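Presented sequentially are two complexes of subunit A, the first with subunit B as partner and the second with subunit C.
Coming up: the complex of A and B.
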């Protein structure tokens, strides 16, 4: 019995050694025309389409909550932001894992989105429309991307990443952005009312084409659970992010990878 | 498949003469296969800087009232100028691609030449990627800051005119042009016997549907939501159509697989040369 076990182990080790040698040979293989330029061109030019896809998804699914400090409330902002921002990172996570076993897709997308969002806010919202950056700064998902990629690296499972990583994503997006937001949640005495600094910004910097623009964004339901609503929102944000994660997986699997070398019927 | 093998095994006597005779240039030198990437992205950024400057200079002085003479002077002129430029560009470029493509259709090409052509296709895809970023992120940001502060009195606002009527159709022209290039120059992947590739179907579909969503969007704003909330449901088609641009990754994937086939064919045909000069220097 012991000898049999030893033999099986030896065979498995030999197969593993052989596999490693093959991989090493593949790694060191020299090609005539495939060189580093292909990598550079791919990773650089992909930044633009990834940034565009991630930013348009965020802008049109959760844009209003991301554009303004006073919209970054404890009720809706964590939910819609977690849902809208996880979709394209999940897509890239699938593509990069499927193609290279790189657990980097979410972080790559988060960095692309960071670039696109800051270019947009600085040049279009600050310089062109003269809103101060401390009113229109975008939420960042870089920290959440690193944690979700780490989850995939450790679990090697998209299902576990969707169950664990999506909730981690929701919490990380809120926690990471709460740090810059906290200063704007301090109380202020303004026109005989106690409001937040963010509320004062919303009243001072007029958004004349938004509905009921002179209003307080944060509403009653937040206070009805005392301080607990934030955590209820975060739990629901994890659920929303789970759904968003699988939408992203669908895009990666069926719109990016499945079509490779597939053709519609010849006309 | 037979066509693919024919391309792989073709002699090095056809295609770009500079690569088949004398001292051959490396098809993946920056100045050979990749140069359309720099030209393409450079021209697109030049156009973007022009629109950027135009809006900084005139949007608040001439762009607030679409009934004014200033608006006609600065923005309707810009609008018609864009359409003329895009019309001329698409006619000349797409016409040239088709004419040039038909001239070489059916000819065999060397592995080096096919490598150069795939690099050119990647360059065109890179330029398309930049155009998609500008239409999906750069200008929508400006559109957001404009709409949430200015009264909407026309579908042809200072931000719509560059975004909807230049960069949106430009992405269609680039995606279609890239496919036409592949259709004639990389027959092993995109030849007519293969059928229409799903990758380009999705990529072109994304760009075309984005243009169609503009009409639905403006109709919606004229009908029931004249104010601006960026996350309203009738904006969502812009997002969902945009996801179809993931077909760009399928283009990258299938051309890269093809590159490995070209390398393998070259290695099989000339094993010693492959080992001696693994990668040519710039």
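Coming up: the complex of A and C.
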């Protein structure tokens, strides 16, 4: 009896080995008509769709925080930016991993977003509206994208990526953009007050329809945490990014891939 | 003659189709050229949209007076002073949130000027302040010309829950200068920076460096592996199977990705070290909301109540009846009526010229004119004919709140004055038929 079971198991394993060998052969198959140009067309055309989706999502949830240095504060900016920017990268991460087993979705989206955001800021805000670029520069999420894709590659699990990668994302988005922001947080004397360089930009470069009271920044309410507003916010930013990650997964699974699978099945 | 093909039962004339396509392409081309010409030379937008606001948003909320924008011709880098006062009216509409927080700012088409100084009731105001109905706020702002052009400059007061309400404006012509625009700012460290460009190059190159790493990551996967055809393999595998034996994600892939992640982390550490050594003192963004010092409406000298008002749209004439009682021991006289951003003066042109930007000043006719004796109760008929009413849409003619609010300025002979707010129902003299809702 035991011998028979062993034989069946061996047969199953052999069949699985054979199947994987065939898959390896299929992976390396040289297609005559579907050559690399199809890949090029795909990746290139997707840039605009992905960039648009990522930029719109970011502007929808974190518009002003991303537009102005005087909104990039220790309390709100890390939270809203982490949440707003992770949604579409998560979607693309699912699609590209599920379809091609590429841990590239977040990085690809981040690069597309970089392109769209800088083009938008330069042409619309700097050239057309004459706001200086050092006031309206967009946050970059490429570094965070790399780290989150790496997390997925190592864990091969969306659940673990959401638990670890989302927190890594939140910290990386903040840390990477804090480097250029630091210079704008230096104190200066202006209008009889000691304010940051970012504040001076916000006051000097007139925004008639964005009065100062609309600015959602730290106003001292979290100071009971021994003054460590930044770390409290980052902890919450990780949680917010976790939620954003699964919103992105929902979009990827049920709004992007699921309808295509249904269509393919009917074909 | 065109060649004819038979497609099913359809006959298709190829030549005529070609001409139709040619026409379509020609039309498309012409449209593209027109679009390009229009886009290549876009006109500047000079207005601020205030005329689109409902009348009650203007005349029942605030009144701007004594506004001055000067000088009106400068070069880039030179200052312009915007001064004046705004009163938040007691007639504040019930449909708006009660005013509690406000901010006074110049209303201009974007940052064509920079704001260098701002005082509200004598206090330097970097941000917002606590406001209330009946409050009078004197402002003084110094702008510096940044972009050459002709710009319409208004003062404005933004009130939380309502938006920006604007005062009277003046055209300011900013000529190019031999010197480029400069905004030096001294840090607390003693270093002086140029605000227009400070940190901009580093922001770009730092962001771009990260972008290069990202592109390297993407290119590794897209140039070493096939994309589209991978689907044939991945659909046959569980989603958490990276299949190194098949070749989907190999140890070599892991190695190179580890390298890129390593470079990313090194970059972060180097960046942080640079940032914190370059800017060792960093502050949170500052916020300062304050309560401005109280400014009185003036010595109590009159009690005024508007009893009725009519508005004739054809002649742009407002007529208002006001019951006035003099409550002091000397004669008083009604000298001005301010409605939203417009001031109407009971006096000669010289007095009108001092009342504010000329486009927003008009004549106020008072009947019977002359002083009101101590203790006297008088019904005054105020008549104003002005195109400002229609240009700025100040008077409601068919609105759910068919009211107007205004501030009357009474003066006595001893340089004393009082500002009194009145509110009246306004009845149009002409009712127009409307066929659409």
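Heads up, the rule we're going with is that the second predicted complex is superposed on the first by the 224 of 267 C-alpha atoms of A that agree within 3 Å, B and C clash if a C-alpha of one lies under 4 Å from a C-alpha of the other, contacts with A are read in each partner's own complex, and residues count from 1 in each chain.
Please note the rule applied: a contact is a pair of C-beta atoms (placed from the backbone, for glycine too) under 8 Å apart; a residue touches a chain by one contact, two chains touch by 3 or more.
Worth saying up front: this structure is predicted, and the values here are computed from it rather than measured.
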Subunit A: partner with more touched residues, subunit B or subunit C: C
Subunit B versus subunit C as contact partner of A:257, first or second or both or neither: first
Touching partner for A:114 - first (subunit B), second (subunit C), both, neither: second
Which superposed partner A:80 touches (first subunit B, second subunit C, both, neither): first
Which superposed partner A:131 touches (first subunit B, second subunit C, both, neither): both
A:61 touches, of subunit B and subunit C: first, second, both or neither? first
Common interface residues of subunit A - those touching subunit B in one complex and subunit C in the other: 31, 34, 38, 42, 99, 129, 131, 206-209, 211
Of subunit A, residues touching subunit B in the complex: 30-35, 37-38, 41-42, 44-49, 51-53, 55-57, 59-65, 67, 80, 91, 95, 99, 116-117, 119-121, 123-125, 127-129, 131, 206-211, 251-252, 255-267
Contact footprint of subunit A on subunit C as seen in their complex: 48, 101-103, 105-108, 110-118, 124-128, 146-147, 156, 158, 160, 163-164, 183, 185-189, 193, 195-200, 202-204, 206-207, 210-211, 213-215, 217-218, 221-222, 225-234, 236-237, 239-243, 245-249, 253-254, 257-258, 260-261, 264, 267-268, 271-272, 274-276, 278-279, 281-289
Residue ranges of subunit B touching subunit A (in the complex, touch as defined): 26-28, 30, 34, 37, 52, 55-56, 59, 111-112, 115, 122-123, 125-126, 128-130, 132-138, 140-142, 144-152, 189, 192-199, 201-202, 227-231, 235-236, 238-239, 242-250, 252-254, 256-257, 259-260, 262-263, 266-267, 274-275, 277-280
In the complex, subunit A residues that touch subunit C: 19-20, 23-24, 26-29, 31, 34, 36, 38-39, 42-43, 70-71, 73-74, 97-104, 107-108, 110-111, 114, 118, 129-134, 137-138, 140, 142-143, 145-147, 149-150, 153-154, 156-158, 172, 175-176, 178-180, 182-209, 211-213, 215, 217-220, 229
